[in-house]
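Sharing a structure here in structure tokens format.
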Amino acid sequence: MTAQGLNRLEDAQLAARVAQDIPDGSYVNLGIGKPTHVSGYVPDGREVIYHSENGLLGVGPTPPEGAEDRELIDASKRFVTAAQGASYFEQSDSFAMMRGGHIDIAVLGAYQVAENGDLANWATLDDSFPPAVGGAMDLVVGVPSIFIMMRHVNRDGSPKLLKRCSYPLTGLGVVNRVYTDLAVLDVTKDGFRLVELTPGNSLDAVQAVTEARIHS
Amino acid sequence: MNKTAESLAAAVAPIPDGAALMIGGFGSSGIPFGLIDALLEQGATGLTVISNNAGAGETGIAKLLKAGRVAKVICSYPRTPGSIWFEARYEAGEIELEVVPQGTLAERIRTAGAGLGGFLTPTAYGTLLAKGKETRIIDGRGYVLEAPLHADFALIRAEGGDRWGNLHFHATARNFNPVMAMAAKHSIAEVRSLQDTPLDPETVVTPGIFVQTVVEYGERP
Amino acid sequence: MNKTAESLAAAVAPIPDGAALMIGGFGSSGIPFGLIDALLEQGATGLTVISNNAGAGETGIAKLLKAGRVAKVICSYPRTPGSIWFEARYEAGEIELEVVPQGTLAERIRTAGAGLGGFLTPTAYGTLLAKGKETRIIDGRGYVLEAPLHADFALIRAEGGDRWGNLHFHATARNFNPVMAMAAKHSIAEVRSLQDTPLDPETVVTPGIFVQTVVEYGERP
Amino acid sequence: MTAQGLNRLEDAQLAARVAQDIPDGSYVNLGIGKPTHVSGYVPDGREVIYHSENGLLGVGPTPPEGAEDRELIDASKRFVTAAQGASYFEQSDSFAMMRGGHIDIAVLGAYQVAENGDLANWATLDDSFPPAVGGAMDLVVGVPSIFIMMRHVNRDGSPKLLKRCSYPLTGLGVVNRVYTDLAVLDVTKDGFRLVELTPGNSLDAVQAVTEARIHS
């Protein structure tokens, strides 16, 4: 299985695609890495409030160089600003927001997603690195809409959309929707269901690089 | 009532070898750099460090790790870019590591500070990090029973404080500092500005009852 | 984002008969008198009221009790001097009462807001108020397992607020208001002053994410 | 058993006696009723910080009439002021202070105290009144020094210092010291131990109005 010959969204296009599905007025947590770029593509006219688990509700744009406040950072440890209507709070309150169902959407990266909604995004089977989990397990149990944003297949061509995850799980049955460079898929009780294909791709071609069955 | 210490050295003097130590901060924000440096100087070793991260570069907790003062780390995310000293000690098998999901870490700390005996959380249910832990199903949902996490000392970083130990914080430097102040038997706060007059009671974030020692350290990272 | 309601009546309009309702306040402080009056007018009945006290005199919760709108009260201290309407309904057997120790009440509410499944507390262990509850001994100390306490709506009283739902409070009027705002599905805050500009992010006590509706009500008791 | 013929401290004298045992720099919670008067008698030169469970650390003196802030009250619902160095906080934080062992001393009233340290101070056997517990059960499990301040005997002469409480308990084995109008007693593993007698009283006379044995 390889993804060669398929039409792929660039990272920026993928971020823009996810951003389309963030409604006006929602509270959103963007995971470390690619998901942080989603906020740059939310259509004008929508006010979205970004939560950063280190203790900021209302993450604003990156500050101009030289104007950084070195103690105002987001969960990716990047310098940020506070948006209008923002607030600061300590960790136990921040995670109450996450676990308590107050945040509407979390966008996260993933190593693997299974057709039963299981997510693996914090550890691989290579245990020479120390494990590091951060807030991912809290987000997936608490936030009602979990969006995954990732490449459809690994660099070596192996699939990331699986029947069952082989890596250690972050959460069980928690994923609602997966955005990849090749397609958008919902997780339903019957497994993956196709929402849309990146223009130019056929379902058969995408299915060929997907271990789990894609229902149409 | 005057909880002010004359110097960073005086503030950390009571910390013994083998102490369980909470250290505030997330990434580079809200870390009590002054107290950590003073502790390094003081020499306490065999420490258990409870913190979100495990230090980066050559500053903060990384200094304690480099100097071989840390026997165990309890944290959620030891892999901050540049955590070279943690990685070196870990790979050499010189350090014990307990990884706790970040929200469970915060809640275990709060639970200790609040005098509770434990809590049920859905976080990590069915995962490796719940292995060996008591679980139960409530209304069809799985929960893990988590225990309080106590400490002998907490090293806290705050923006402002007064002689009663009241603290307020700056931006995301708040992070773990207030909850750790609650949970340790003896909490030591390094404040950027120690005020002569009491803080406004409406804007106090950490009430002085949770703080045993306050010391001024004017620098901001 | 604008969570402002035009009137107290509009703010309480969605509350249905039979709703579980948290109402902030302790004694005469921090009670959302405006919202309670509007609710009385609105007519919802068969309510479960979760509050520290059960009203006094002819104001606040006592008005709801007098009008026969309350089916059940969950509180820590229904015997505030002057709780004549609670006592009348209770003695007539017209109202169900669940008495919860005050700290356990606060913590059960927070537990709901924080998405946890329960907690172990030493409070009430071995007493009448732990009767029938699961208990366990940890390190020789007895604990009671307590469940989260959820609500459909919360009626909150704050000093200042903005259109994002951020709130700050005045003096001891803070009491149960912040924790109840966290726990209800729909929290409605009556604020003495609704600001056009956002609150200072450092002094926000209840972040707007916990508040669904804000309405100005200028009077202070 | 009656307390007739014994020398009794007046309420003010009893409050002053308790106040002697409140050290400089301590955090103290004073229960509803008589205990609230203790703060008026703490010797000059001691800074004591009073906690009120409705959300104030640093309860100050009663405000002058006409200068009350109607939303600044203590747990007894009296108008108070905020002392220098005070702070306000919400209920779950307030009870964290109480249960978490952060407050040094609580002074409470009681219906009954047993020689094993059991306390009954929230309900009687008369269930025609609705029960009301407030914060008493949280205080007794969390505060390391529980001082009880009460009359030695009931109005009808029946004893309040018992072998075992007959009223519903507030806490088990929680009382450290009892201050009555007739004597001061510590609770030890052997039972009540005499600390001091109100001047003019004999141990025998006090024992005669006490159900439990008083060790000397």
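Structure notes:
In this document, chain identifiers A, B, C and D correspond to the written order of the chains, with residue numbering beginning at 1 in each.
Here is the rule we go by: a residue touches a chain if its C-beta (ideal position, glycine included) is under 8 Å from a C-beta of that chain, and two chains touch if they have at least 3 such contacts.
Since this is a predicted model, take the numbers as computed values, not measurements.
A comparison of the C-D and B-D interfaces places the larger number of contacting C-beta pairs at C-D.
Between the CA-based centres of chain C and chain D the separation comes to 29 Å, rounded to the whole angstrom.
Averaging Cα coordinates per chain places chain B and chain D 35 Å apart. Distance between chain centres (mean CA atoms), chain A to chain D: 55 Å. If each chain is reduced to the centroid of its CA atoms, chain B and chain C end up 32 Å from each other. Residues of chain A found to touch two or more other chains are 82, 88-89, 92, 95, 98-99, 141-142.
Under the contact definition stated at the top, the residues of chain C that touch 2 or more other chains are 107, 110, 114-116, 121-122, 169-171, 202. If you check each pair of chains against the touch rule, the ones that pass are A-B, A-C, B-C, B-D, C-D. Only residues 26-30, 52, 76-81, 86-87, 90-91, 97, 99-107, 109-110, 121-129, 142, 169-179, 205, 220-221 of chain C touch chain D when the two sit together in their complex. The touching residues of chain C, when paired with chain A in their complex, are 1, 110, 112-116, 162-164, 166, 182, 198-199, 201-202, 204, 207-210.
Chain A makes touch with chain B in their complex at residues 52-56, 69-74, 77, 82, 88-92, 94-95, 98-99, 123, 128-138, 141-142, 168-172. Contact residues on chain C toward chain B in their complex (touch as defined above): 107, 111, 114-122, 136, 138, 141, 143, 168-171, 202-203. Of all residues in chain D, those touching chain B in their complex are 25, 27, 47, 49, 51, 57-58, 82, 84-89, 92-93, 95-103, 141-142.
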